[in-house]
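Comments concern the structure below.
A, B, C and D are the chain letters, set down in written order, and residue numbers restart from 1 in every chain.
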Amino acid sequence: MDVILLQILNGLDKGSAYALIALGLTLIFGTLGVVNFAHGALFMIGAFCSVTLQRILSWSFETIDPDKTDFLGNPATVKTPYVVEWFGESTGLAIIDWSVPLAILFSIPIMIAFGFIMERGLIKHFYKRPHADQILVTFGLAIVLQEVIKAFYGANPIPTPAPSAFTGSFDFGLLLGFAENTIIYPYWRMVYFAFSLVVIGGVFSFLQFTTFGMVVRAGMADRETVGLLGIDIDKRFTFMFGLAAAVAGIAGVMYAPINSPNYHMGMDFLVLSFVVVVVGGMGSLPGAVLAGFMLGILESFASMNIIKSFIPGIDQIIIYLVAILILLTRPRGLMGRKGVMEE
Amino acid sequence: MLGLNQRDTKFLLIVIALTLFTPILLQPFPADSGLAQFNAGYPDLMQRFAIFGIFAIGFNILFGLTGYLSFGHAAFLGVGSYSTVWMFKLLNYNVLPGLVLAIIVSGLFALLIGYVSLRRSGIYFSILTLAFAQMSFNLAYSVLTPITNGETGLQVYNDDPQILMGENGITTTHFFGLKMNASHIMDVGPWQFTFNFGYYFCAVIAILAFYLSLRIFRSPFGMMLRAVKSNQQRMNYTGLSSRPYTLAAFVISGMYAGLAGGLLASMDPLAGAERMQWTASGEVVLMTILGGAGTMMGPILGAGFIKYFENIFSKINDQVLHGWFAFLPDGLENALVWLLHPFVGKGWHLTLGILFMLVVVFLPGGLVELGQRIRNMFRKKPKADNDGSHKPQQTPHVAE
Amino acid sequence: MGLLEVKDVGKRFGGLQALSDVNLSVQENTVHAIIGPNGAGKSTLLNCLIGKLIPDTGSVTFQGQSVLGRKPHEINQMGISRIFQTPEIFGDLTVLENVLIPCFAKRDGSFRMHAFETVEAEKDLNEKAVAMLEDVNMQDKLQMQASSLSRGDKRRLEMAMSLVQDPKLLLLDEPTAGMARADTNSTIDLLKEIKEKRDITMAIIEHDMHVVFSLAERITVLAQGTPLVEDTPDNIRDHPKVREAYLGETQQT
Amino acid sequence: MSKLLTTRRSVLRTGAAAGAGLAMPTIFTASSVAAFTNDPTGSSVTLGFNVPQSGPYADEGADELRAYELAVEHLNGGGDGGMMNTFSSKVLDGTGILGKKVEYVTGDTQTKSDAARASARSMIEKDGAVMITGGSSSGVAIAVQGLCQEAGVIFMAGLTHSNDTTGKDKKANGFRHFFNGYMSAAALAPVLAARYGTDRTAYHLTADYTWGWTQEESIAAATEALGWNTVEKVRTPLASTDFSSYIAPVLNSGADVLVLNHYGGNMVNSLTNAVQFGLREKVVNGKNFEIVVPLYSRLMARGAGANVKGIFGSTNWHWSLTDEGSQAFVRSFGTKYGFPPSQAAHTVYCQTLLYADAVQRAGSFNPCAVAEALEGYDFDGLGNGPTHYRAGDHQCFKDVLVVKGKENPENEFDLLEIVEITPRAQVEYAVDHPMFAGGDLGSCNGGA
């Protein structure tokens, strides 16, 4: 029982990352009809916003300390971050410590601007083109983006720790009457889960309760009719692209402490997030979220020793296996609409 | 000739000529010149051109004709390679049994995956094929290691049975005694050309594969496949069942992939699991779209383009750049090297990504379109039809 | 006994009784129209005829064989050919190929792996297709890509695709929907011409009265999912029930 | 073993088809021309540096390339000579190898065996490379080693830690300077026993591929021999990025040590996750919970940041070593590039020097002569103390470093501190040790 609860917790956390990426992917697909293979790259860029802000905040001036030597035996240079110089030791270090949450604010304008430029500069020329062309161009873009990141930040993962207030883990087991240490869960992951719920809720209520959102939802259902109403749907769709980029971006920002970002993390997530979107049903936002959480939880269950001892290697294939089973029993995924992307 | 009309015959002859003279055509620069870096006429790369050409031709039979975008074709490539290496391990280094088995096994595998995946269309089909291929890859890398040798890749060991191997049997891959790595090198002035048996073996098979695909494109079967892509509903109401047609196309293209995989293993007897990864499946998709999906020549061009970048551009390092620009003043030399540095060597992916975008933005028909545009520039009067590298829907049929 | 027999067909979607007690018999060599106002169940009935929907009750037989639950290609192979509301053709293919495909389907059945013959080598079929296209006056457009045809030509091409299979029954689903009056008239002429040249049975589902009265020999009026009356055009025109239920309505639109 | 004939640029110039150059195409048979593959006949010799330039190990590949360039510079008489001055063999004189200037070509392995072999083949077939070296993973090393055996060139392995490279996949043309899983375990286990006691229960998380398995087998055997228990061995998919579902059950299992048989990105993520779960603050069985990372790479450890602090592992070499050779190398590398070299850089630098030295001593580039010169060779001054290249399996034997993540790093490169230099005798094993059994070195292949 405790094991199952533990893996549900793990699954929710994995699932929230899948759900956030799939949400943005579905927004772009649903509104613009574009298959965006660069979406994983947007997630990666978000994570690197964390890295970048951390670097900016740690911007330092160098003084030479004659007492210390560097690896070559020369007098060492000591770096002092400007924020420490300006705000004093404790405040300054606290600012650096909190760079990941701060990066959310930092990344939103960057990601929205990035989304705008991407949509206006490239994607809009591909609305009428076959999906295969969209795949090729966005895949090319994804390669370019990750190579640029690699050129600036190298190929190795870069540590971006969460604020020290969130280190350690919480013992759910004690709370529920189990023995100590049976169900422990890191604070930051709880934050990530809560954060993803807030973002998902935010996107849904935005689409549900604002006129802007209603128009976009109408446009997702039938673009031409909305166009006939004299509403400039294109502008709103551009904004939706920015929004989707921002969702992917902040998902990446908050994910950075969980796994140190590297330049190919986007590609690692790309295939999975497509599977999630399709299992959820193309163009269905609730489907994407549901599928994200479901696959996350199933993946966690599959990694349990007891299950692996029955079916060796099940954790290697569980996501794909589930995807196949779902697509064979439900032709359009969990909540897909008819006629979307079936040609 | 050979059941082809005059124009197609001419086209086939051109392709045969190009293929046979590849060792010369790909070696345009004298061996000692700075540009020799761009020569591609060495056996490994020429073999890869032919093999990935076959892979892409086969993929095009499915994607180009029916429009079904498979994202898992690399699985068949991998299965073909594994089958062939197993034949090496069990029998001997003769490639024939391996290739035959590769085609059979990949065909059966394709039948299985196709039967299930073709129950869905569009992106649902793509994801089904992707899921099957990723499952194959993940398992091959881990729990199937006894069959696939996992991370290291399946290879032949000295203690393998090799029951047909005689006392002094040949220890490299061969075709009835003709070794794949046997080469003849010819010097013509400062140029040097390498004629490699392995390449010609692949080339002959590639020509056969191309010829078969040409026949399929022109056959009633090919027409039906195009009908699937054009309007599947209409096709069904015309009294045709589209599923067997798409399944047949899927199996044929799976067999092409298996053949390509078998040839890869025949040229270099090691089968790595990464051959089945989704990036490998994506690569053949990119090759086909980049070259021009649905055209005869496009996929081959696309395959050559990507393999050329992978193998030639990745080897240009700063030392080479400095070598090229050594004649310039130092400042300028360094500036140029600095400027080019991000795009070559370890930056070859970047260049490839940029070129993907440029091609798809400016040449919607792929590289084939570039060829057509260039030809049209030279030919003032554009003919209504062209000599082969054309989209099938433009093909006129002799009516009388 | 008619070519197509619809017996006691009923179909319910959730709370809506879309069809009930539909009985219908399409006689050989007649043009039989099924008319009715929007929501009368015409589309549902059509979908039952082509196997797309399986009715809750009743049977649909063609030449004594049930069509229910059959796949579209099986229905076509039985000899029922369908004309769509908007012309359904193979847009990427040439006009000639569009007509050749049904020829192959007629000769070879629903699937045949003829991968190593050429299309050109099939002299008989080519001749048959060209002759058919001459019949619909499209002999000079053989090599055009079908998607580049005018709407009227697309309709004629579609007719050619159906007729070249010599179907026993031609099922027309609002063949003039959304057409300009001139196009409608030429479609009527085309159908009349076909009727004159061949012994063919047609079932037309239509709500344009002009089309129906120009072509039909028998008319079934459908209202609220059930046949109101079946008779000759002249009788239908004067039928009080029909006037009440249907014609009055169309004159307003 | 029959010989493989490959295309040889060098042959071209002396080749049979000279003259008018339009000889009838004939297919060469094995013994027709040169004595061995790519015999350098001009004034220069080409080496092939085949390293990952894309993919997860690209940074290690880049560091390897830097070391190669440095080695070539030193061999050709440039720079300060680096470890050439401290190397016990003095036959290298800064005039290249056998008087031929050293040139090199580079390629991208992409950390895929296929791509690595394609790249190596192009170096052999197109560029006439007489030796191939490099790599940052065992799969690639084994694949390329097999290719070099068939093609008849020497392979000087880069970073490869799997027992198989000089075990069941060993080849007569391949040589490994780097240490391996068995040696890591043999060095690490006593240190762990000394620090954490002999009454420990270990939980293994293992990357699910060949390297991971050999590593897990080695560590489990070595620690069990000292009294530890192994409670569970769990395989994790290579593609995993989030290890939470594997780490969460660890505390429940009764284990008090977690062994992470992961490398590269897997290691960074699993270690980060484990620390996040607060495992290191826990007390199990009355003992502090501990984490062990058997194979450390300083470059990769940077990715885990502060999480490595206090965590034990082993490494082939570290820049803070104070022997003469290491210092000379760090000085020369650091002066040129501005940061200290990684263990990958060190090992490939050594391999290049060792190859050059062997050729010089053998007086020939012939792979068989070179192999003979390397087999059973004893040398010193390359940073790991007295070292022996064993003839039986072409594995180097030298001291192994046990390290732990430094608590208070002085600079960004100062991540690991050396806990113990395990003497060579303690990590040696017999050629036919069961963990290395099943292979066949074969005989050297000179190609033509």
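Observations
Note that a residue touches a chain if its C-beta (ideal position, glycine included) is under 8 Å from a C-beta of that chain, and two chains touch if they have at least 3 such contacts.
A quick note: this is a predicted structure, and the numbers were derived from the prediction, not measured.
Of all chains, the one whose Cα centroid sits at the greatest distance from that of chain A is C.
Between chain B and chain C, the centres computed from C-alpha atoms are 46 Å apart. Averaged Cα coordinates give chain A a centre that lies 52 Å from the centre of chain C. Here the spacing of chain A and chain B, counted between their Cα centres, is 35 Å.
Distance between chain C and chain D, defined via averaged C-alpha coordinates, is recorded as 74 Å.
Residue positions of chain B with contacts to 2 or more other chains are 138, 141-143, 349.
Among the residues of chain A, those in touch with two or more other chains are 313, 316. Among the residues of chain C, none is found touching two or more other chains.
Chain pairs that touch one another, listed by label: A-B, A-D, B-C, B-D.
For chain C in complex with chain B, the touching residues are 50, 71-73, 75-77, 81-82, 84, 88-94, 96-97, 100-102, 104-106, 108-122, 126, 130, 142-143, 145, 161, 165.
Those residues of chain B whose C-beta lies close enough to touch chain A in the complex are 63, 67, 69, 116, 119-124, 127-128, 130-132, 134-135, 138-139, 141-144, 232, 278-279, 282, 285-286, 289-290, 293, 342, 347, 349-350, 352-357, 359-361, 364.
Interface residues of chain D facing chain B in the complex, by the touch rule stated above, are 1-2, 4-9, 11-13, 15, 17-18, 21-23, 25-29, 53-54, 58, 61-62, 65, 69, 104-108, 112-115, 117-119, 121-122, 125-126, 137-139, 142-143, 146-147, 150, 164, 169, 208-211, 235, 237-239, 438, 440, 442.
Per the touch definition, chain A reaches chain D in the complex via residues 2-3, 6-7, 9-11, 13-14, 17, 68, 70-72, 76, 150, 154-161, 167-169, 181-182, 184-186, 188-189, 257-260, 262, 264-265, 268-269, 299-300, 303-305, 308, 313, 315-316.
On the chain D side of its complex with chain A, the touching residues are 54-59, 62, 208, 232, 234-237, 239, 241-242, 244-246, 248-249, 251-252, 265, 268-269, 272-273, 276-278, 281-282, 284, 299-300, 302-307, 319-320, 330-331, 334-335, 339-340, 410-411, 413-414.
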